[in-house]
Amino acid sequence: MPHINLYYKDENPSPLTLVWRRFKERLLSMTALYILLAMILVVIFSPILAPYSTSMQFADAVSLPPSWTEQGNIQFLMGTDDLGRDMLSRLLIGSIYSLGLPILMVAVSSIIGMVIGAVLGIDRTIKYQTFSRVFDTLLSIPSFLMALIIIAILGTGLFNVALAITLSLIPQFIFVTRNAVHQEWHKDYVTASRLNGCSKPYLLYRVILPNITPILVMQLTVSLSVAIMDIAALSFLGLGIQSPTPEWGSMLARSLDEVYLSPWSMVLPGVTLFVTIMSINIVGDSLRRALSERVNS
Amino acid sequence: MTKAFSLLISATTILLSGCEPSTEEVTPLSEGIIYCSEGNPDTFNPQLVTSGTTVDATAAQLYDRLIDYDAEKQAFVPALAESWEPLDNGTRYRFYLREGVEFHSTDYFSPTREFNAEDVRFSFNRWLDETSLYHNVGGSYPFFSATGLDKLIQKVVKVDEMTVDIVLNNADSSFLANLATDFAIILSAEYAQLLSVKDMPYLIDQKPIGTGPYRFESFRKDVLIRYTKHPDYWREGPGIKQLVYSITPNANKRMLKLVTGECDIIPYPLISELQALNRDDIIVTNEVSPNVSFWAFNTKRPPFDDPLVRQALSHAINRQAIIDTIYYGNAELARSILPPTSWAYDNQGIQYDYNPEKARKLLEEAGHSELSINIWAMPVQRVYNPNARRMAELMQSDLAQVGVNARIVSYEWNTFRRRLSRGEHDTVLIGWYADNADPDNFFRPLLSCAAVATGGNRANWCHPGFDQLLYEAIATTNANERKALYQSAQHILNQQLPLLPIAHSRRYQAQKKSVRGVQLPPYGGINFRLATKVTTAEESEQ
Amino acid sequence: MIRYLSSRLFVFIIAFFLLTVFTFSLNFFFPGDPVTNMTGVRTFSDYYPVISEIRGADKNIAFQYINYMQNLLSGNWGASLSSGDYVFEHTYQHLFASLELIVGALVLAVLIGVLSGIFAATQFRGPIDKGVISLAMAGYSIPVFWLAQLLILFFAVKLDWLPITGQINPLYGIAPQSGSILIDIVISDSDYKAAALQDALNHLILPVIILSIMPMMLLLRLMRNATQEMLQKPYVKAARARGLNEFQVLIKHAVPNATQSVLQQVPLIFSLLLSNSIVIESIFNWPGIGNWLVRAIFERDFPVIQACVLIIALTILLFNLVVDLYRGWRFPIVRQE
Amino acid sequence: MQLLDIRNLTVEMKTPHGIVRVLDKVNLQLGKGEIHSLVGESGSGKSLLAKAIVGFTNPNWEVTADRLWWNGQDLLAMNTKQRRAVTGRDMAMIFQDPYSYLDPNSTVEQQIVEAIPEGDVRGTFMRRRVDRKTRVKRLLHRVGIRDHESVIDSYPFELSQGVAQKVSIAIAIAHRPRLLIADEPTTAMEPSTKLQIHRLLARLAASQEMSVLLISQDLTSILPETKQLTLLYCGQLMETGPAEEVINHPAHPYTDSMLRMSLQTQQELPHKARLPTLPGAIPTLRHMPIGCRLGPRCPYAQKQCVKAPLATQKQQRVFHCHFPLLELES
């Protein structure tokens, strides 16, 4: 028997659900989201998906163009690089460093940043205004510069770079969380709950958190695209992950020496990077849009 | 607001008007040559270094030597010394100096006198005499200590204003060859005196004065070195007014700049790329060049103190693949540290062919079935190695097949060499470029015990028997005797294997067609003495 | 306004103080000896004991900091570990070279970004708007170093229109004085000023355009969203109802108010511009601060790293201050916040 | 001839849940120089009606009417430009929240100057500036701001609510409109300010020969000078007619309930007495009753009420009810 709704019952979806509904309406944002999810699947399953090892060198297939060109070979779907390594495998495994690692970095820095931000957001002891202005000002020092400084201290290498970018992302999370919590804190519904005698942790998790989740999710996407860009840029400059690790930025940097001989080795990592960042940005932008529409309506 | 707006508009119009290509040839551009060098010089005095970059930038351009080596005639030719003669059974050489040689006159120094014996004495004493005023300015003299020249020469005696005697401790067959190298340059004694009066002796290596075809104008680190023509040069000088070294460490960018015309001539071009570009205004020249690239093991560090390990690792490397992918076939597989063109060359020893099975067996024998090492790959291109990093990547996967886990290490070039001298590495990919025709140049600067102290011995390998052979070889002038000695030295090397020779490369240079007269002497850096530039009009006439 | 001004100056000073504390503490975080990191005098140098004494290496941290500040403010920033040159003397040349790029890119970004943003807002959700916004999204997402390489290959190598690296063809013999090549040409005594100027502009085009793209696209999106939002505001509708035409409404009400809200984001854009300039300068061998910083990191030249960090951060702080003051002056409502 | 003549104005709004009719066949007539009060609770569509008149609409509104005439001209037949010209010339509107209708980043002077028609300003170039300024001052005086010096260079956020509303009235009357629509101009204001604004409106109506359409939430805040009174409920017209008659003899149950409410607020209620409100609550947009929308709440409702009642006219009064409270003369 079909369920019949006999009574008028206005659903009361959570803010996140509301945003999600708006988000779903746009084809573009859903496409971007699917691409992103596919990329994340690639990160997880890349060791299975990659046809060859990233360091396996095929001496008889050096600088082979992608398979869709005339000289291409279907054995190497996206061709090989100047040392005869399979491009596809390198791109797939590279996603671990270029996308997987940033996701991990953002996860770590967001947890740290949000906790600190939440504590600062409800803390009333510091003289708020001046503190927030100074913090604002210092935040405008780019995260890339912070990452560079940390690398100057620690030196290059996979772990150091990951640490540097993670640390450089934290302030943004602190800032966004603190501002969001602070803003909500002053809204009447929170005041009401406070007057009801709710404890601070309860307020934070049960009252405020659901209302600021969309903002935090948006900040996550922004930070993710920054993290990807930063790690690629650092590797490109030779300060990040060093080749032969197939990180996309470092692949790009080393491809420059054979732009004419094998242009695909420059184009492919670039395009991959571009598509990844673009889909993250579109998801972030659609979220922002859905969010502002929800607030406006 | 409107004012700001109009400013913006005018700014953009200026920007846009910049797009139009200039039609007329501008004079400073046709009267100068840009050489896109691969790095900053460490100093402007080649006495202080062995680095090719510094030598390329300074030796032939700013300075002259007593004698030069003519590779075509295979003979020593006069330079600042008009003639010379060996005396006392080859333990004393007398040099008759050239008259009328002017030093550079610049905005920081105006010479009052011409070149004379005082300058020769000063220049040699700087690295020879530890008590001389300038000896400690600038530190060490690696070439002279590695070749033992500082031990060989007893003293430099001024006979008269235009005659100098160099007294040796013993006869040495490589003496003249070493004098003709880029390192044995002549400085100005008058300038040195002036600087010591001003209490700024260190300026002698920063704002150089010499007798060479170009004089120093300015240097901006990481940007450029500017030289102008020495107007009173004593022999035929350049046909250009200006020589600029535009510092471009990135090989790819150097090539692109050559294509766009921002460089007239570049060292270490990406040959395959240029061939792919196929431009008819660019010529790629190549010459045989006495060099070797090698993989040195730090024998002071275990497990590389065990020759078995060194041999095992050598069997693990597919050197033919390296020559195909890194040199694009433009190099020869090295069978010895000496290039085959050398008269002392010998390839009768054991060959370390690519054999992973054997490598694994040898490693097990040595008790290292699992090994973790690092490979230091130099960050710059050299004649002998166009891309050490990529070579390291290739070797990394070769090594992985025999169960050796290799990590690639690279630093900025100066840091790299500093740390290398301290012996922080396990193994290093580097090489050597001969300064003169004597085979000794491949041995003593690289593998003698003395070179361990100066940091030139990248393997930190000190073998008394081997050292003994080297000293016997230079003590005699008998060619056959020497050849035999060097061959036994090569046998020791082959067994001990402190380093694995990889390739002897040809020396490549790419340049615009409009540039003429740039010389690439086989035993030296680059020489712009006779460089000229022809205009496009002249070019089309020819 | 006075209150506003003083409060902003106060914030600036506090931020500057924190910044110097940060750079001061960097000396201790960097590997090696703190005094060497500060002054560029190596530990084995003869001067080291003297310098170490002056800097109070054995005294307490507060004394060292005050000493550090005195040196900092009097322009004594130590010597480079790699070249031995005095850092401060080279700082302003690098800074001016960077500013040349950055100002150029900012002007271009503001000009094109803002105008097309406004235009897109008037075409809200129309095909043009959608096209412009998608383009902006793409332009914002493209990795700047990749874009630079693509444009170099296309404009410089394939078409042979523009040069690749440096500020000017070195054969013009322009001596660096201010560091900004355009100024240097003007004050030089070269016989070929016009040709040199043209050559310098040619060298500027590619890096400026590439550098401007990301902020331009960001500005475009911000401006379009803000203008669009302002066009929905009651007072704009009221102005329309009073009979003002669309252009007047835009110029008199929507754009100024949109500007006010976009200005809030401008410091962010500026910092994005600066971090991109580090990459761009490295690619184009531009002798600016960013290039210097990257090289210094490679060479582990800590006095230079410190100077670069300080200068970049200070530039951002100053820029923020200027933008803040402008906002406060032009839009009095800002002072109310 | 009526200045404004509206017949069967219907506004439909597109929402995510389908089309909702927010104004249902509303009629309104307004004469020259008369003050007309439009009363309705929130959601009654009174502001919508005003916005539809001045063309202050959103793209997702559909406005249809048998007649929307201004001074004999059909506003619906015009294109946007013509209509904007007409409304810009003849009409003006002020709102509940003056701040959001004043540009926060322009001074009072700039905003008033913008509203003064160019044709009014006399003199040559330099003189025109001076003339504009005197006109601004005069306008400020006219709306009861004597201290013009401090106000003229202020930004809206620096003004008190009353002054801001006066400024927006000054802007509204700058081009001497023939109709001023005041959309709850005094809600949420202090009583004294409220009174000032009311007096100002009444005086302007009298002295400028300007009609005023005053929109308010309840009967207590209508002007004593009101000539005509119209009550709306949920987008439907309940009753309209001369103010005095309607108040004294309400014909519609809704009017009656509103009246009692307003009386009740002035008197003290006995202990535990029920409020004289209608039962139930105002329906949401999504759940509008069919027929007479008051139906579910009306104490007199019967079966017929599921059909929308037709207009009943009695002298100058019109009401829509199947069961009017007024004795109908046949």
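Note that the chains take the letters A, B, C and D in the order they are written out, and that residue 1 is the start of every chain.
Throughout what follows, contacts are C-beta pairs under 8 Å (C-beta built on N, C-alpha and C of every residue); 3 or more make two chains touch, one makes a residue touch a chain.
None of the values given here were measured: they were computed from a predicted structure.
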{"item": "Central chain of the complex, centres being mean CA coordinates", "value": "C"}
{"item": "Relative to chain B, chain with the most remote C-alpha centre", "value": "D"}
{"item": "Cα-centroid distance, chain A relative to chain D, in whole angstrom", "value": "51"}
{"item": "Centre-to-centre distance between chain D and chain B (centres being mean Cα positions), rounded to whole Å", "value": "91"}
{"item": "Distance from the mean Cα position of chain C to that of chain A, given in whole angstrom", "value": "25"}
{"item": "Centroid distance [mean C-alpha coordinates] between chain C and chain B, Å", "value": "40"}
{"item": "Chain B: positions in contact with at least two other chains", "value": "none"}
{"item": "Set of chain C residues in contact with two or more other chains", "value": "153, 298, 300"}
{"item": "Of all residues in chain D, the ones touching two or more other chains", "value": "none"}
{"item": "Contacting residues of chain B [partner chain C, same complex]", "value": "8, 11-12, 14-15, 17-22, 26-29, 31-32, 34, 218, 220-224, 226, 242, 244, 246, 248, 253, 256-257, 259-262, 411-412, 414-415"}
{"item": "Residue numbers on chain B that touch chain A, as the complex places them", "value": "250-252, 270, 272-273, 276-277, 318, 321, 324-325, 387, 389-390, 393-394, 396-397, 400, 408, 410"}
{"item": "Chain C partner contacts - residues on chain A that touch it in the complex", "value": "130, 133-134, 137-138, 140-145, 148-149, 151-153, 225, 229, 232-233, 236-239, 249, 252, 256, 259, 266, 270, 273-274, 277-278, 280-282, 285"}
{"item": "Chain C residues within the chain D interface of the complex", "value": "233-245, 252-253, 256-257, 260, 331-333, 336"}
{"item": "Chain B-facing residues of chain C, complex", "value": "82-83, 85, 104, 107-108, 110-111, 152-153, 156-157, 160-166, 169-173, 175-176, 192, 195, 198-199, 201-202, 204-205, 208, 285, 287, 291-292, 295, 298-300"}
